[in-house]
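A, B, C and D label the chains in the order they appear, each numbered from 1.
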Amino acid sequence: MASIVAPATAAALAARYDQVRGVSETLCEPLEPEDFVVQSMPDVSPAKWHLAHVSWFFETFVLKPLGGYTAFDPAFEVLFNSYYNAVGEQFSRPDRGLLTRPTVREIFAYRAHVDDAMRRAFAAGRLDAATLEIVELGLHHEQQHQELLLMDLKHVFSRNPLDPIYRPRSPAPSAVPALGWQRFGDARVAIGAPAEGFAFDNERPDHDREVPAFRLADRPVTNGEYLEFIEDGAYRNPALWLSDGWSTVQDKGWRAPLYWSQRDGAWTEFTLHGREAIDPGAPVCHVSYYEADAFATWAGYRLPDEFEWETAARSGQPGDGFMDDGVFHPAMPERGQHFGQVWEWTRSAYHPYPGYRPAVGALGEYNGKFMVSQLVLRGGACVTPRDHIRASYRNFFYPHMRWQFGGIRLARDDGKEA
Amino acid sequence: MASIVAPATAAALAARYDQVRGVSETLCEPLEPEDFVVQSMPDVSPAKWHLAHVSWFFETFVLKPLGGYTAFDPAFEVLFNSYYNAVGEQFSRPDRGLLTRPTVREIFAYRAHVDDAMRRAFAAGRLDAATLEIVELGLHHEQQHQELLLMDLKHVFSRNPLDPIYRPRSPAPSAVPALGWQRFGDARVAIGAPAEGFAFDNERPDHDREVPAFRLADRPVTNGEYLEFIEDGAYRNPALWLSDGWSTVQDKGWRAPLYWSQRDGAWTEFTLHGREAIDPGAPVCHVSYYEADAFATWAGYRLPDEFEWETAARSGQPGDGFMDDGVFHPAMPERGQHFGQVWEWTRSAYHPYPGYRPAVGALGEYNGKFMVSQLVLRGGACVTPRDHIRASYRNFFYPHMRWQFGGIRLARDDGKEA
Amino acid sequence: MASIVAPATAAALAARYDQVRGVSETLCEPLEPEDFVVQSMPDVSPAKWHLAHVSWFFETFVLKPLGGYTAFDPAFEVLFNSYYNAVGEQFSRPDRGLLTRPTVREIFAYRAHVDDAMRRAFAAGRLDAATLEIVELGLHHEQQHQELLLMDLKHVFSRNPLDPIYRPRSPAPSAVPALGWQRFGDARVAIGAPAEGFAFDNERPDHDREVPAFRLADRPVTNGEYLEFIEDGAYRNPALWLSDGWSTVQDKGWRAPLYWSQRDGAWTEFTLHGREAIDPGAPVCHVSYYEADAFATWAGYRLPDEFEWETAARSGQPGDGFMDDGVFHPAMPERGQHFGQVWEWTRSAYHPYPGYRPAVGALGEYNGKFMVSQLVLRGGACVTPRDHIRASYRNFFYPHMRWQFGGIRLARDDGKEA
Amino acid sequence: MASIVAPATAAALAARYDQVRGVSETLCEPLEPEDFVVQSMPDVSPAKWHLAHVSWFFETFVLKPLGGYTAFDPAFEVLFNSYYNAVGEQFSRPDRGLLTRPTVREIFAYRAHVDDAMRRAFAAGRLDAATLEIVELGLHHEQQHQELLLMDLKHVFSRNPLDPIYRPRSPAPSAVPALGWQRFGDARVAIGAPAEGFAFDNERPDHDREVPAFRLADRPVTNGEYLEFIEDGAYRNPALWLSDGWSTVQDKGWRAPLYWSQRDGAWTEFTLHGREAIDPGAPVCHVSYYEADAFATWAGYRLPDEFEWETAARSGQPGDGFMDDGVFHPAMPERGQHFGQVWEWTRSAYHPYPGYRPAVGALGEYNGKFMVSQLVLRGGACVTPRDHIRASYRNFFYPHMRWQFGGIRLARDDGKEA
């Protein structure tokens, strides 16, 4: 791993450290202490676990190796280790919601303790180039957990019949934009992140691919289009579904995206702003890969693969539609904008790029060991920090998962009539 | 149901209302807001759920029928209904731990709202005799939930590797008393609660039973005796166990009572005072019926039935060893004392007494519908309010359950040599 | 255990051995080899397992202790041990249906091998009194497995959409008899089996009970009455059910007895004669304790306890309505007949009688270790050998179980108006 | 789909029909009727189900559309439909082992009925070109089920402590060959099956890929090598495993390949010849993708992707090591032989080739709907018919599956030192 885009002086990284760590705490301002505790399914972690784990990361990979550091609480080494077997044992993941202690107040004290040590290390110039790289990784890691914190909180709140509101707003229905197609590919394309600058190891090594000509929709699928799919009986029609998808639909009783619910005939959607009417012009969100694939089949198209997506996205830049906007619910992006609002499912398996090598040591567990049975999503969503995303960024989830902000962008082979 | 032992004037009951309601809140003083939220297994309810549900009881069965009462929050009717189908729908029991809202603060406000309405009803003399009986039932109900709150909190804390402490103490090991036997029975004995005075419907109707002569141990089984049972290989010896018990031992991997754990060869026990060394002279606690029965088999004795227990206990009175002592962990009772410290498993199925009739209406669901597959425990424990217990009191749990404070008292047929 | 009613000479028992062993094989005549293999739920055993296990019983408890016996196959000691821990390991119960080998032919050879050795032992006069008692127990044991074989086969066939027929018949609908009540009790009654003559240990020791006056229906509940219960919405009305019963109804989606199915509005019942229309005048069968109890509640009555049942039945004798009739499906018994056709649920827990002692050694596992969480059924059914039953006979099942031929006989306290 | 390699006249296909159908029945010769019934896990089907289902295929897709055909039994349409939603309902897959009827004899009669109709249709020249293609597909389909039948039978037998033998043999340990590496790639390679000749739709369309230089082991991994991996503690070392793999190892308690078992220190393997000692020189078999990947990591190499495998295999032809040899257990193939003995895991997700279109109608369900979460295996195994396999053939299983005859061939990037 090399330093960030502009050569990262320790000073710049120190400032960024303060900024990113501050965002995590700002996101928690609307929460009551009780909101930090609950784990509503095994995939979800309590908010206070996220706040502690990201601090554990700096403690474990920066402060302890540096020496002269006194751990806030030795028990935290196991308690807030997520999945790093090389570090040691981990507290059982599905039991994270059993821990009433440490309290939220204690975890904020833990954060302050780590922040204090980090700031002193920065000030004393004790962080060498290799360590600064780990700090930079730690900040991207914390940004990932900022998104997870919002995803998880939404899931927790959604299970409460009182429909708690994270942040209130007055919803304004969107206009429904026409669907257009853009032509890309028929080219040899540079894929992945170059060796210079920050990127996760799963984006490397960069390499060329031949990408045949294809067309990509100029906007994601809308709620209105998805409603047509529902009303056409899609959730009762096995012909549209992958075999695993159809089993899942039946086992789970799915009949709409996660967080949708039909009351007296009208569809509503649970959001971080509380329960709202479905906005037909907004992008559909919280669909599984199975649903995205079935929708594409129903519509007569297909999902893009991740190389097609990256080919199309290389021309643009992240704009609106990120966590920084403070909206936390997807709106329709600008026509032709590939970044933000909803993650877009691709039909690419999350596998290593040719010549991939995970990092050495515990940090090698960051990405590589998850490279089976998951699918790649691209582009970032309304709960992703804007400066966390890039064209080569690979997110990944299992095909049945829905609590991430995942949506659909259609593709087709070039030449096919729409 | 008739009024309490001394004729319960409304004034006396109003005073008792304040006392019992106050105890529930006093018990919560050591808790952090986070401690009120978690449900560590489906049998457990979060502390804030208990606090709300007992208030819901007064709201549903006293205040709403009285008229002129404005509900604190209409959603609570479903949210805090435990199992009264006649009242209406209930929020899913195993999901009680998903509710971060209402917050603890809001639930204390709910309690204040109900208390205020109850006090005004008392003051205005609006409660007739039948309603006063329901109030009295509601107070006994709240006392049951005080015990449950402590049982549940202990279970929640026990799942935390940090071993949280509810209330600190300095443990003082007990002397190990010799085991003696007392002779009872060979008589026609009055069983159950007479029609006058407060009792639960499951203690009625009172009736006579012939109880043959039997001998009952003059104290419960100790931890030290139970350790011998463990060290004799009891948890690996199917010959000692009921068939269901042996399956349970194997499925759950039991090798000691709940909350016991062996670290570096030494046995410790998680208590509401934190983790402590096993005290060989204290009564064994948190054993299932299966373990109690296997222990009795191993020891060459048997468990008493509930009529034997009641026969023996009729001569005494509840003394020490209750919640009121503020100890919350069992100590050895006085020789020949049958009440307090640990509930004592009997080998009696929890079935209706001859001529049993449940109350009419929703309150008929209080006890009668649980009369299958459970076993009776008698006598109260160190987490039971002293004035809640009596010789005819029937507690009941499934044979595999261990989180109640259940212990063992041995019995044998008369004439058998010890 | 003492010998059978008339002092069992070895010769009489030898004849009975041939008879009982022969019945087991006669029952299998309608089966194809494939029918012997399948285990349709963990409670069910394949027919060939039953045939082998009952032979294992004689091999293990008679022939091996006798000496000079060569086992048919040493592997059978584990394979066909049901639950005797004192004998040794047991092949996993829910996996009995995995065994394609030994084949049916081999198991019949195993039976012949055991029979041959038994007959030689009888002929040589090698069986002493204590061993003859075990032989007698083994024959009652085999009779229990004859009933199980039919119960299990019915369950296996019922899961096949082809509705296989064990034995064909032309059903003739019954007349629906009026319901009458008989008065019993108000007496001190001898309960249980006397020390002389064959009985299972769970029927002993015999003892007196005071049985208050009660009334017992003079016939079991009919299908027609049960249909009224269904059509009155009973399976949707929690007020009628024990709490565990209501959970079970919802979890399993019960809406009628086991083997009933509604096709185009008409109810049919799967029987050992294939699928038949419901006969309104026949006794309802294959109901759980929960359903029996809910039916009694709905009807305004209750179930008898086992002492009431035995009080009433002591006056009569087993007549028609047993396996020997070759009908294998319940018909309406004679008015006032308590034996045969359907087992009758009582509300008595299956617990030991006062002073109960299980047999010493492995045979002590026969009954005693099952004395928790089950309920007693009485009287025998159309799949029970007639000479296997008696007034003191205690059958037992868990309250959710339905594949035994269990029906309902109503009781009420004396004096209650019908 | 076009006709088979040499232009398939109806006559040639009729002969091949007889041959393939005959092989299915020959494979069943060693079976007892009981062996045809059991389903030892949901993935397994009973042998008689396989025999019926492949006949159902011809009945459903050839004979019924042809007209003038009388179904053997109309109930079979549902009973033996595997997963074709477009045809209609299917009998529940995990319940296939509940069906004792139709008997084996009836299913052979069903086969004869279908064969008779097929032969008459051939003889009468009633099969047009499109139908002949379906017949050809049906024969390849039956060959797939021949392999499944052997896989499933092995699994069923393996669950029996008697270690049944499908076919006896005297095992002769192999010599352990040295491992060599062959260089391939650095080329533009034709991948997939051309439009002419029989192939499954998942092998199409054929297309070119750039395949960088790589090296491929000249033989599969041996049992001896795999034993070193085990003895090095691999099943206890999370660092070697994909995250899902490590969870699976722990959940299932894996410590060796499926069918291996350690008795008194020595490893044995259950085979279709009964239980045998592990042969260190034979290819390791019945490993999951997780184990194959972990082994490659431990060895310092990787698995090939499917394009690399196909690149290497294009130069060769299927030789020995197939079902036709009658061995049914893998031996070491010739050096550099890529076909036969064990299927080889690749690290390629089973996804559609660019431009893939499933067949129209029900037969479109044959392959396409399984294209998620599975991985590709290549080359065929000792239970695969030789004329069923080709270089472009794509087999696919979920990463945790082990009951297929799956082994490991190592790859490495070119230039890496061995």
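The definition used in the following text is that contacts are C-beta pairs under 8 Å (C-beta built on N, C-alpha and C of every residue); 3 or more make two chains touch, one makes a residue touch a chain.
This one's a predicted model, so the numbers in the text were calculated from it and none came from an experiment.
A.B. asks: Using the contact definition stated above, find the chains touching both subunit B and subunit D.
C.D. replies: Intersection of subunit B and subunit D contact lists gives A, C.
A.B. asks: Go through A-D and A-B and name the pair with more C-beta contacts between its chains.
C.D. replies: Top pair by contacting C-beta pairs is A-B.
A.B. asks: Mind checking the centre-to-centre distance between subunit A and subunit D? Centres are C-alpha means, answer in whole Å.
C.D. replies: Comparing mean C-alpha positions, subunit D is 37 Å from subunit A.
A.B. asks: Please work out the Cα centroid separation of subunit A and subunit B, and write it as a whole number of Å.
C.D. replies: Computed from C-alpha means, the inter-chain centre distance equals 47 Å.
A.B. asks: Provide the list of subunit B residues touching at least two other chains, using ranges where the numbers run on.
C.D. replies: none
A.B. asks: Which word fits how the chains touch one another: line, ring, star, complete or other?
C.D. replies: Contact map by chain: ring.
A.B. asks: Let me make sure I understand the interfaces: which chain pairs count as touching?
C.D. replies: Applying the touch rule to all chain pairs gives A-B, A-D, B-C, C-D.
A.B. asks: Please give the residue numbers of subunit C that touch subunit D in the complex, ascending.
C.D. replies: So the residues of subunit C in touch with subunit D come to 32-38, 40, 48, 75, 78-79, 91, 95, 97-104, 156-157, 159-162, 164.
A.B. asks: Tell me, which parts of subunit A touch subunit D in their complex?
C.D. replies: 83, 85-86, 210, 212, 238-239, 241-246, 289-290, 293, 347-349, 351, 354-355, 369-373, 375, 399, 413
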